[in-house]
C-alpha cells in the first residue's frame, strides 16, 4: 500500500516534470531572424467527410510548400509558412480540441478548414477566446461569422448567392425536364435551414419541391427513407450536403426502387454520379472554382496532374476542393505582404477584404469581406458532362 | 503481521496525504505550466477524474457501464443549458447540473443495476447513452441538435490573474480531480466501501448478511455518475463546445480502456492509464488513427496478459520481489486460529 | 397500401440481418459468458472479404471465402485470447474492446473510410401496384431465412448444436457429461463468426460498406439479444424481426430522423414490461 | 446474550414443552428449473433447540435453507418466521431480522481481512460483539489477515463468527464441517456446542452424521425433497430402516 501511494505521487511528479520540460522545449521555437507564420489546418481526413477533407489538407500542404520554395516578404523580412494539420475525423467534437491546440499549443494565428457545419462554432469560439486569430472555412455555417470587423472568412460565396441565385438557376436551366423534386436533407440544423431557403429558390425557377425528408444522419441504408417518396410523384431528387458516401447510398436506394434517375446535389463531388454514369440520366453538382472531371483551363489540368502525382492520388478521384484552398493560401501570403505584418491579424484581415487573386482559379472577397469567387454547376447528362461557371456579385 | 495490525489508520492517513500532495503538485503545475501545455494538462485532469470515478464501479464492484460518458456529457449539457438558456450563474448551473445527473443516473440505474448479468447492465447503460444522444440530436431548438452547443464563456472577458480561459479552468479541474479522488478514498475507507467489496466478492453472501447488493450497486452507480457529471460541468465551458458525440459509446469505451490498461481498483492505475492513452499520444503527436490502432492492441494485450493492468502488474511484481525476505506465515489448519501463530499485537 | 408491402419487406430484410448478428451474440455469450464487443468486426471482415474477393475471383467464390476468413479469424481470436478470459467477464470484455478499437482503426487505415460498393444484383421485381423490390434485397431475405432456419435446425439436430445449447443452459452440468466448456466455446465462436460473415456479405450486396458497418449492426445485435432474452434463439429471431419492422415502418410512416432511436426505445419499453426479455426461461439461481 | 457455559456434557438446556416455534415450515414445496427440490416439507424449530438436518446429496437440504432465508421463493406452502409469513426474494430483510445463516462454501468475503469481514457482518455498529466473538473463537490475532490467505478451517470459523457477531436468534449452519479433517471437526463441533449453550437456537445441515447425532436435540431426515423422518437422535436410531439408510456413514 505504501509503495502504491508513493508511486502515485512519484508518477504525478514525474508527469509534471515531463509536461513542463517538453513545454519549455517546444514553446520557444520562434527563434531566428526570419519570420515563420504558423498556419493550422483542421480537416476530416478520416470518417464520412474524408473525401473532401483529404483534398483540403493536401492542397494547403502543397500551397505552403510552393510558397515556401520562394518565400514572401513582409515588412522587409523573408517569411515562410509553418503548417500543422489536425484530423477532426468527421466529428465536430474534435474541432474544439484541434482548434484550441493549434492556437495555444502550436501558436497559430491562422486557422483554416472545418469541413462540417457544426465544426465552425467551436472553431470560431476558440479563435475569439484567445483573440488575434483568423479563421477561414468553406463551410456553410461560416457565413454567420463573416463581419466587416471580424477576422473570419468564408472561402466560398454564401449559400444564398451561390445556390439560390447561381446554382439552382443554372441547374434548372441545364435540366429543363426536371419539374418536381423531393429534397433529402440531414436531420440537423443546417439541413433544415438550407431546405427552407432552397424550396422557394427552386419554386422561382419553376421546380416544385413535392416533399422534404429529413433523415437520421447515422443511417446507412436509405431504402426505407426513399420509400417515403410516392412512385411517379417526382422526376428528380435533391440531395443536401455532407458526404459522398451518403449521397451514393441514397442514389443506390432510389435507383433500386426505380424512383428516378435524376439527381441534383449540393456539397457533393462529381464522383457518386460518375461512378453510376451508366445507371443514371442526369447528375448535377455544385463546384468551387473548377472540377477535376472537366478542367476548363490548362492551369487547372496542370494543377490536377501535379497534385495527384504529389500525393499519389488517382486523378479521377480528386474532388473540386483543392483549387480554391490552394489559391487562398497564396492570397493570404499576399495579404500579409500588403498589410506589412504577419501577426496583427486584424490588419491582415483588412488587407484580405476587397482582395482578389487569379491563381489556378479565381478567388475574391468584396470590401465587406463577403466572398465573390465565381462558382460552377457540374452537369452529367446522357450527352456527356460539362461545368457551367457563373459569377457571384 | 503487526505492521498490518497498526496500519489501518496510518494507511488512511497516507491515502489522504497522498491525494493532497498530488493535488498541490497539480495545482502548482496548473498555475505555471507553459501556455502550450495547458490543454494537455486539462485533458489529463478531466479524463483522470472521469476514470478515477469510473473505477468505483469497475474496480470496486466489477460493473462495466458501456455508457459512462453519457453522464459526463449530461453534466456538460445541463450546465450549458442552465447557464445560457436559463441565465443562471455558472456555479449555480453546475450545482444543479450535478443534481440533474444524479436524478438521471437514479432513473436509469435503479432498473439496470439489479440485473444479475453484467451483459444487461452494460447494454442498458449503453442504450441509455444512445437514447440521450437521440434526444439531443432531435431537439435542435433547445438542445442544439446534432450540431452541438457553443459556449462563448470567456470571450471578451478577462480571467483572474490574467490567466487564459483554459488555464483558469485548469485550476477548477484540479479541484475536480482532487474532489473525485477524495470521494473515492473516502468511500474505499468507509463501511460502505467494505460492503461494496463484499458485494463484489459474493452477492448472495452479502444478502445473507442482511445487505441488499442492489442498494450498494445503485449507490455506487449514482455516485460515479455524479462524479462524471461534475467533470462535465467544468469541461463543457472549458472546451467551449459540446455535442452529442461527447456522450457516445466510443468515449465510454475509451474510458474503460484507460482504466483497464492502467489497472482497476487503485487511483494510480487510473491515472497511469490516462497518461498512456491521452497524454502521451497527444504529446508525441501520434496520428489519431494509428493511435487508436495502438491503443486497441495495447488494451487487448494487457487484458489478456495482465488483467490487473499495468500498475496492478507492477504491484504484483513488487510484492513478489519483496516476498523472499519475509516468507508468508504458513497458515496451518485450525491451529492458526485457536493457537495464535504470530507474536501477537 | 402498396408502399406497405415494400416497407414490410424492407423491415423483414433488416430483421433478418439483425437475427444473424443477434444469434452470434447470444450464442457466444450463452456458452462463454463473454460480452464480445468485437463481434461486429466479423461482419466488417466478412463484408470486406466478400467485396475484395468478388472483385478478384467472382462472387461465387467470394461468398465461401468470406465465411472461411471470418470464421477463421473468430476461431483464432478465441484460441489465442477469449478462451483465456473465460470466467473473468471483465477481462473478456476488455479484450474485446481492445480488439474493437484496433480492428476499426486498422480497417480505416487499410481500406480508408470511403464507402465501398460490392457486387450488386441488378434488376427489380414488381410487387402489387407500382411497387418494385430490388432483386438483391429479396436475395438477402432468402439467404437470411435459409441460414436462420438451418442454424435453428442444427441447434436441435446436430451434436454441436446440442453441445452449444447444453453449455448455454448449464455449464457445470454440461461439463459433467463430458462437454468441455472451453471446446464448445470454440464452436460457438466459429458459428458466430460465420453467421456474422453471412450478414456482412448480405449487407455488402445491398448498401455501400465502411469500416464502421460492423459496429452499427453489432449495437442492434446487442439490443436484439437482450430483448429476446439472452440465450434464446426464438427470442432473438422475434426481437430482430420486431426491430427490423419497427425501424422500417417508423422511418417510412413516422419520422425518418429517428431511424436509430427506435431500437433503443423498443428495448427500454420491453425491459420495463418483461425485465428478463421476451423468451428467457432461465431461473434465477441463488444460494 | 448470556456468557457461554463451559459444559462438556450438558443435556440440552431447555427442551421446551410446547413453546411457540421460532420457525414454522408449513407444507413447503419448491420447484427449481422444472425439478421438484422440496416436496411438502413441514417442520418447526423451537427456541433453544439444536436441530440437525441430514440426508443424501440432492435431498433438498440447501434448498430448504434457501427457502427459509428468502433466497428462493417457496412454490407452495408457507414459511413463518417468528409467526410472520416470509415471502421469497427479500433475503437481506430476512437476514436483518435475526435469522442468520452461513453458506456451504467457505466463510468470509475474499478481498477482505478477517477483521473487515466481522466489521461488515455487524454493519459497523457493534465493535463489542466483534471483540467478544473474536475472543471466543480465538480469531483476534487473525484480524488483519485477508481471509483468502487463511486455511479452510479458519475460514469456516470466520463464517461462523460472522454469523455470531450479529447476535442471531436462529443460526442456520450449512455444512459447517465439510472439508475439515477430524481435529478441526472436533473443534468446530465443540464451538457449535458452545454457541448453542450460550442460548442461540441452531439448525445445521451436515453430512457428518456421527457428530450431528451427538450434537443435535432433534434430527430431521430429508430425501429427494421429502421429509422422511424427524425426532430425537435416540428415536431415529431405534428405527432400523432409518438407521441403516441414513444414519450409517
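A, B, C and D label the chains in the order they appear, each numbered from 1.
As a working rule, a contact is a pair of C-beta atoms (placed from the backbone, for glycine too) under 8 Å apart; a residue touches a chain by one contact, two chains touch by 3 or more.
These figures come from a predicted structure and were not determined experimentally.
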item	value
Pair of chains joined by more contacts [C-beta pairs], B-C or A-C	B-C
Greatest separation from chain A - chain, by CA centre	D
Chain nearest the overall C-alpha centroid of the shown protein atoms	B
Inter-chain centre distance, chain A versus chain B - centres from mean C-alpha coordinates, in Å	38
Inter-centroid spacing, chain C versus chain B (mean Cα positions, whole Å)	32
Between chain B and chain D, centroid-to-centroid distance (C-alpha), Å	42
Set of chain A residues in contact with two or more other chains	46, 187
Residues of chain D whose C-beta touches two or more other chains	71, 91, 103
Residues of chain B engaged with two or more neighbouring chains	7, 138, 204, 207, 289
Touch list for chain A against partner chain B, complex	1-5, 7-9, 11-13, 15-16, 18-20, 22-24, 26-27, 46, 87, 89, 91-93, 95-97, 100-101, 104-107, 117-118, 121-122, 125-126, 128-130, 141, 186-190, 192, 217
Contact footprint of chain B on chain C as seen in their complex	29, 35, 37, 81, 84-85, 88-91, 93-95, 97-106, 108-109, 219, 222-223, 226, 230, 257-258, 260-261, 264-265, 267-268, 271-272, 275, 284, 286-287
Chain D to chain B touching residues, read off their complex	69, 71, 91-93, 95-96, 100-103, 109-113, 116-117, 119-121, 123-124, 137-145, 149-154, 157, 162, 166, 180-181, 183-184, 187-188
Footprint of chain C on chain A - complex, ascending	46-48, 50-51, 90, 187, 213-216, 218-225, 227-228, 230-232, 244-245, 248-249, 252-253, 256-258
Complex contact set, residues of chain B against chain D	1, 4-5, 7-8, 191, 194-195, 197-198, 200-202, 204-213, 328, 331-334, 336-342, 344-345
